[in-house]
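Submitted below is the structure of interest, expressed as structure tokens.
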Amino acid sequence: MQVNTQNSETYQEWLLKSYIDQMSQTHTNTALSWRRLYLSRAKLKAISRTSALLSGFAMVAMVEISIDNDAPGGNGTEANGGEKASSEAGVPELLLIVFAICTTLLVSVHLLALMISTCILPNMEAISNVHSVQAVNESPHEEMRLCVEVAWVCSTGIGILLFLAEIAILSWVKFYRLSKNAAIASTAIVIPAGIMFIVFSLVFYKRLMAHKYQSHSERLRQLDDLARELHTNDDGIHIV
Amino acid sequence: MQVNTQNSETYQEWLLKSYIDQMSQTHTNTALSWRRLYLSRAKLKAISRTSALLSGFAMVAMVEISIDNDAPGGNGTEANGGEKASSEAGVPELLLIVFAICTTLLVSVHLLALMISTCILPNMEAISNVHSVQAVNESPHEEMRLCVEVAWVCSTGIGILLFLAEIAILSWVKFYRLSKNAAIASTAIVIPAGIMFIVFSLVFYKRLMAHKYQSHSERLRQLDDLARELHTNDDGIHIV
Amino acid sequence: MQVNTQNSETYQEWLLKSYIDQMSQTHTNTALSWRRLYLSRAKLKAISRTSALLSGFAMVAMVEISIDNDAPGGNGTEANGGEKASSEAGVPELLLIVFAICTTLLVSVHLLALMISTCILPNMEAISNVHSVQAVNESPHEEMRLCVEVAWVCSTGIGILLFLAEIAILSWVKFYRLSKNAAIASTAIVIPAGIMFIVFSLVFYKRLMAHKYQSHSERLRQLDDLARELHTNDDGIHIV
Amino acid sequence: MQVNTQNSETYQEWLLKSYIDQMSQTHTNTALSWRRLYLSRAKLKAISRTSALLSGFAMVAMVEISIDNDAPGGNGTEANGGEKASSEAGVPELLLIVFAICTTLLVSVHLLALMISTCILPNMEAISNVHSVQAVNESPHEEMRLCVEVAWVCSTGIGILLFLAEIAILSWVKFYRLSKNAAIASTAIVIPAGIMFIVFSLVFYKRLMAHKYQSHSERLRQLDDLARELHTNDDGIHIV
Amino acid sequence: MQVNTQNSETYQEWLLKSYIDQMSQTHTNTALSWRRLYLSRAKLKAISRTSALLSGFAMVAMVEISIDNDAPGGNGTEANGGEKASSEAGVPELLLIVFAICTTLLVSVHLLALMISTCILPNMEAISNVHSVQAVNESPHEEMRLCVEVAWVCSTGIGILLFLAEIAILSWVKFYRLSKNAAIASTAIVIPAGIMFIVFSLVFYKRLMAHKYQSHSERLRQLDDLARELHTNDDGIHIV
Amino acid sequence: MQVNTQNSETYQEWLLKSYIDQMSQTHTNTALSWRRLYLSRAKLKAISRTSALLSGFAMVAMVEISIDNDAPGGNGTEANGGEKASSEAGVPELLLIVFAICTTLLVSVHLLALMISTCILPNMEAISNVHSVQAVNESPHEEMRLCVEVAWVCSTGIGILLFLAEIAILSWVKFYRLSKNAAIASTAIVIPAGIMFIVFSLVFYKRLMAHKYQSHSERLRQLDDLARELHTNDDGIHIV
């Protein structure tokens, strides 16, 4: 690049700089958009795997444990005559209601996360396979961000806490007639575990936010340095 | 490119422009066709995974829960003498009919989606492996679009709603004799969950449509800008 | 390419054209062969996945449901004394025969498809991994085409229809003593589903054939245009 | 390549040809070795998948069906007093022996195939990951060829036939007391299926051999043509 | 690079060296960061696989074994009248409490590991897909290091030891009434196995640390050599 | 490369040769190290797959078969009064002890292999993802070699033999009361199968060693030829 006079130089430099600014701005936006696309895709994949696994376990537990609970209750009914008597002698009704609510909620929450994942993921996969950088702008992942976050919280947050609760309730249903102490011991372990889950979630969220803030501010500082450097070069010797 | 007179220039430019138009048109069509191919392929893959999972759960639930329901009923029959008496004392017939209908429908819907996926997917995979850009025109995915959409709605839409209904019916069958309140509680959770599923479907559909409309109109605007720019260049200095 | 006289030109052109013809012919044949290889491979993979899944479900259903059916029947036998009496009081023998036939047929058909897939697939995988274009000619997929089609029809066509029938029979076996209406309702859903499966198969086959015919005729038309164009160029100015 | 006199030319040509011969010979041998490596690897992978699946089914069937068969037998024993009486009244001992033999054989055969696959596969995977063409010569797949073929026949040949036999025996064990006709019907389907399996194996083997012979003879013919062509070129104009 | 005088040379060399130092420093840091990213990602993947597997087994064991333990206990209760009597006659309450604690702890520990893996993995996957070397600096894996290590120890360390303990307790629950010697034999195998696990962990940790120390000190030595070499070159002939 | 006098030539050649020697030595060592890394990685992957599968089957067999064995035994206890009486009338205690030992050993061995695989594999995966050839030197796979071999022998050698033994013991437990002949027949098949496993292991080991010896000696011969060739070139015309 041959530069003749200071004025034209400044003008050309301004052109170049504004062009670079715009380009890098566009480029940065596109790169950020791709990163968000990859993050959403990875989240949805993790959701679909975790939710399929946990809802499967919940289903199996419901079908299998109900058999067990039903069988002696049924025999008891025939021996004792009345249904209410059997359910009073066996597992109390409240426990069954809580068990039914927890299992249904657990399966529903994971199914919702699974459905969101199944709906949005193909649109992202299709964009990821296209080898054009600009294709990311036609991906609906920015509009669907809220949905992805909802699915994420459903599957990882609420879903795993409900699963922990399910285990405690399940051991109550199992051990109610044999040994209440076993059920109490099981509950005594699940409660601190649940608290640890929530603590980890908060720590994870805080660190992620702190990390994002830090990398943003660092990038800003870098841009600032770059701007100052370019400014300094304007006044002195031009090294391009 | 050396340009001598305005006339020949215009003619050559017209040639070039029309060629570029045609090329970019063809290119855009091909690119769009590939994107639709990738989208259909990703959908069919998601369908095959989800449908295999859910129909498997439904099968297991049917086989396992029927055992349970049958066992005490069978013992009761022998004790009480008649079959009708047993089914009246136990689970009412209407519930069994609804359960049979829901399970059969669920498995059929997912099997249909699975079959469509198994039929069409290999044809797309074969095209995707060929490293020729024009190969997309020989893919049958445009003709099969309706089938893919039917499989998609069967698997993700109807299939997941039926699965939710199945859970409610299943808990009715399980808890009918032990505690009707547990079954009612389970149903009370499934109904709002079902409504949330439908709401999410509509929101997803609306956003997807809005996104498609927006990206289409933006592309049109870009083409318009390009056309105007080319037009301006015709009258002034030619920068090619 | 500098051309001096019309005669030598025509001769050279003829050479070039015949060479290109031959090359493109060979190339087209090789490309078509690769595409058929990819299609067969994708089909065999889909077969092996679907067949393993469905034969697994059928196996589990047979083992599990037989337990259930056997258990009360066994108790009934001991109480009532004779075997025939038990099978008459319980599930009729004809139903059991149909159930045994359907399950055995289902598992056999899927095992046959699985075996064909396991035999042929490795030969194709080995060819696909070799990075030589001509390697496709040493792949046995053209000779094995009939086998692939047989496995395909066994797994996707007959296999899925048999699976639907299996569900209907299974619900008859399950609900026979509890509620014949539930079994009838289940059958009433399976029959239209089966018809829809056959209709989809025919639509899919027709569309695939129409698509193949169309893309073949279009390719012929293109070759025709190319030939005419080359012919025209012979007489006029040569633009190569 | 500048050629001065006929003599030196012939000598140089001879050098070149012998070099090309050697190179292509080496290259062809290496390429063939790679292809055999890929084929063995693909076979071992297919073996490990199929054997894990089928041995799993056999294990589950043995554990589950034994429960079922054992339960009423056990009750019968207590009611009737003696063990022999129970096994005579129930399933005959010969059937149990055949069932035990078939299941053990099935699991052993698939375990053997699985073990061979687990032993040899890592050595091949390690070679495949090395990006050196000559690495194939250090792969032990040529020495292990017999083992791979044994595993292949164990898993695909004997293994699937034994699995078919297992289904027939299993339905005999299940339906023996309920309905002998169902077991007979099941056997009547398994026998022609087994014959079809053997026929397919023979057809597959014959076609594969025919294909190999054909592609070998074609390659020989091509080499012959090449040799004749090179010979002709020696006498006439040299086009290199 | 032509060098004229000693002074300018020294200055330029100093510039170059400091630049190279800085570059290689940055490069080394980035490379190390990538390596740590890959290591964390591989660990989290292994965690998610192992934890899903083992927590699944624990769940199934709890549901299935409880059925078994509950069934005869239930029958015993009805026969003997009181609940305490049954649990005293059958499995002692302490064993049930230990069993409940171990199972709940096992599932909680693996769920915690699974949750950490599901939370952090998508952020790393998104970074890994971006083809920019500097992207690693925006990955939160350095901040999340402690979490990854906690998940790692939970899943591989505590998780597998608890699983071993679970097997011993499980065989106590199973064989308590049939044969206490079988349970003792089982425990006698689990204890040395547990010791071997801990020994392996320590050996593995020590070797890993020794390896890290060795490769660090070797790298330091290499840098030292490089520095000395550069120093020597400064005084003598410059070979760049 | 222009060579003037014999002496300097010799010196330069010596330099070049020693450099090439060193390079090729380093290169060969690095390549060998990578190959060992890939081999260890492939082994660990195979271990983790096989061990997860077989320990899963063993767990399921233990849980399921214990139910079956426990149930009639439990009923028998109540009928006959004493525990010892029941276990003497049913399955002898020795068999239960052997069964408990075999199952615990089987699960422990596979868990150990799984744990070693889970610990070492991530460190190798992280190295494999780094695209630097020298990175292999920082992989701990040479130090961990013994661990990998232990895991390998545990999983493939001892693990599969124990699994075979488990099947024999399992059929003894199952068929003990129904038909001792079935258990004897099952054992009669397992014993030759076990012998075949050991024979295959020895054949495999011998062939692998022979292959390694052969490829080592061949490489030595090649190096020898190369050295002699370079030596010959020193004395004659230099063709570089």
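The letters A, B, C, D, E and F name the chains in turn, as written, and every chain counts its residues from 1.
One rule holds in what follows: a contact is a pair of C-beta atoms (placed from the backbone, for glycine too) under 8 Å apart; a residue touches a chain by one contact, two chains touch by 3 or more.
Chain-to-protein mapping (UniProt): A, B, C, D, E, F = Calcium release-activated calcium channel protein 1.
Please read these numbers as outputs of a predicted model, since none were measured by experiment.
Asker: Taking a step as a move to a touching chain, how many steps at least join chain D to chain F?
Answerer: The fewest steps needed to get from chain D to chain F is 1.
Asker: Nearest 5 degrees, what's the C-alpha rotation angle taking chain A to chain F?
Answerer: 120
Asker: Give, as an integer number of Å, the spacing between the C-alpha centres of chain E and chain B.
Answerer: 38
Asker: Distance-wise, how many Å sit between the C-alpha centres of chain A and chain D, to the nearest whole number?
Answerer: 43
Asker: On a C-alpha centroid basis, what's the spacing between chain A and chain E, in Å?
Answerer: 22
Asker: Taking each residue of chain D in turn, which ones touch at least two of the other chains?
Answerer: Only 60, 64, 67, 71, 75 qualify.
Asker: Under that contact definition the chains make a ring. Starting at chain D and heading to chain F next, list them in order.
Answerer: Read from chain D toward chain F, the cyclic arrangement is D, F, E, A, B, C.
Asker: In the complex of these two chains, what residues of chain F are touching chain E?
Answerer: Within the complex, chain F touches chain E at residues 48, 52, 56, 59-60, 62-64, 66-67, 69-71, 73-75, 77-78, 83, 86-87, 90-91, 93, 96-97, 99-101, 103-105, 107-108, 111-112, 114-116, 118-123, 125-127, 129-130, 132, 135, 137-138, 140, 143-144, 147.
Asker: Residues of chain E touching chain F in their complex?
Answerer: 31, 34-36, 38-39, 41-43, 45-46, 49-50, 53, 57, 60-61, 64-65, 67-68, 71-72, 75-76, 79, 155-156, 160, 163-164, 167-168, 170-171, 174-175, 177-179, 181-183, 185-186, 189-190, 193, 196-197, 200-201, 203-204, 207-208, 210-211, 215
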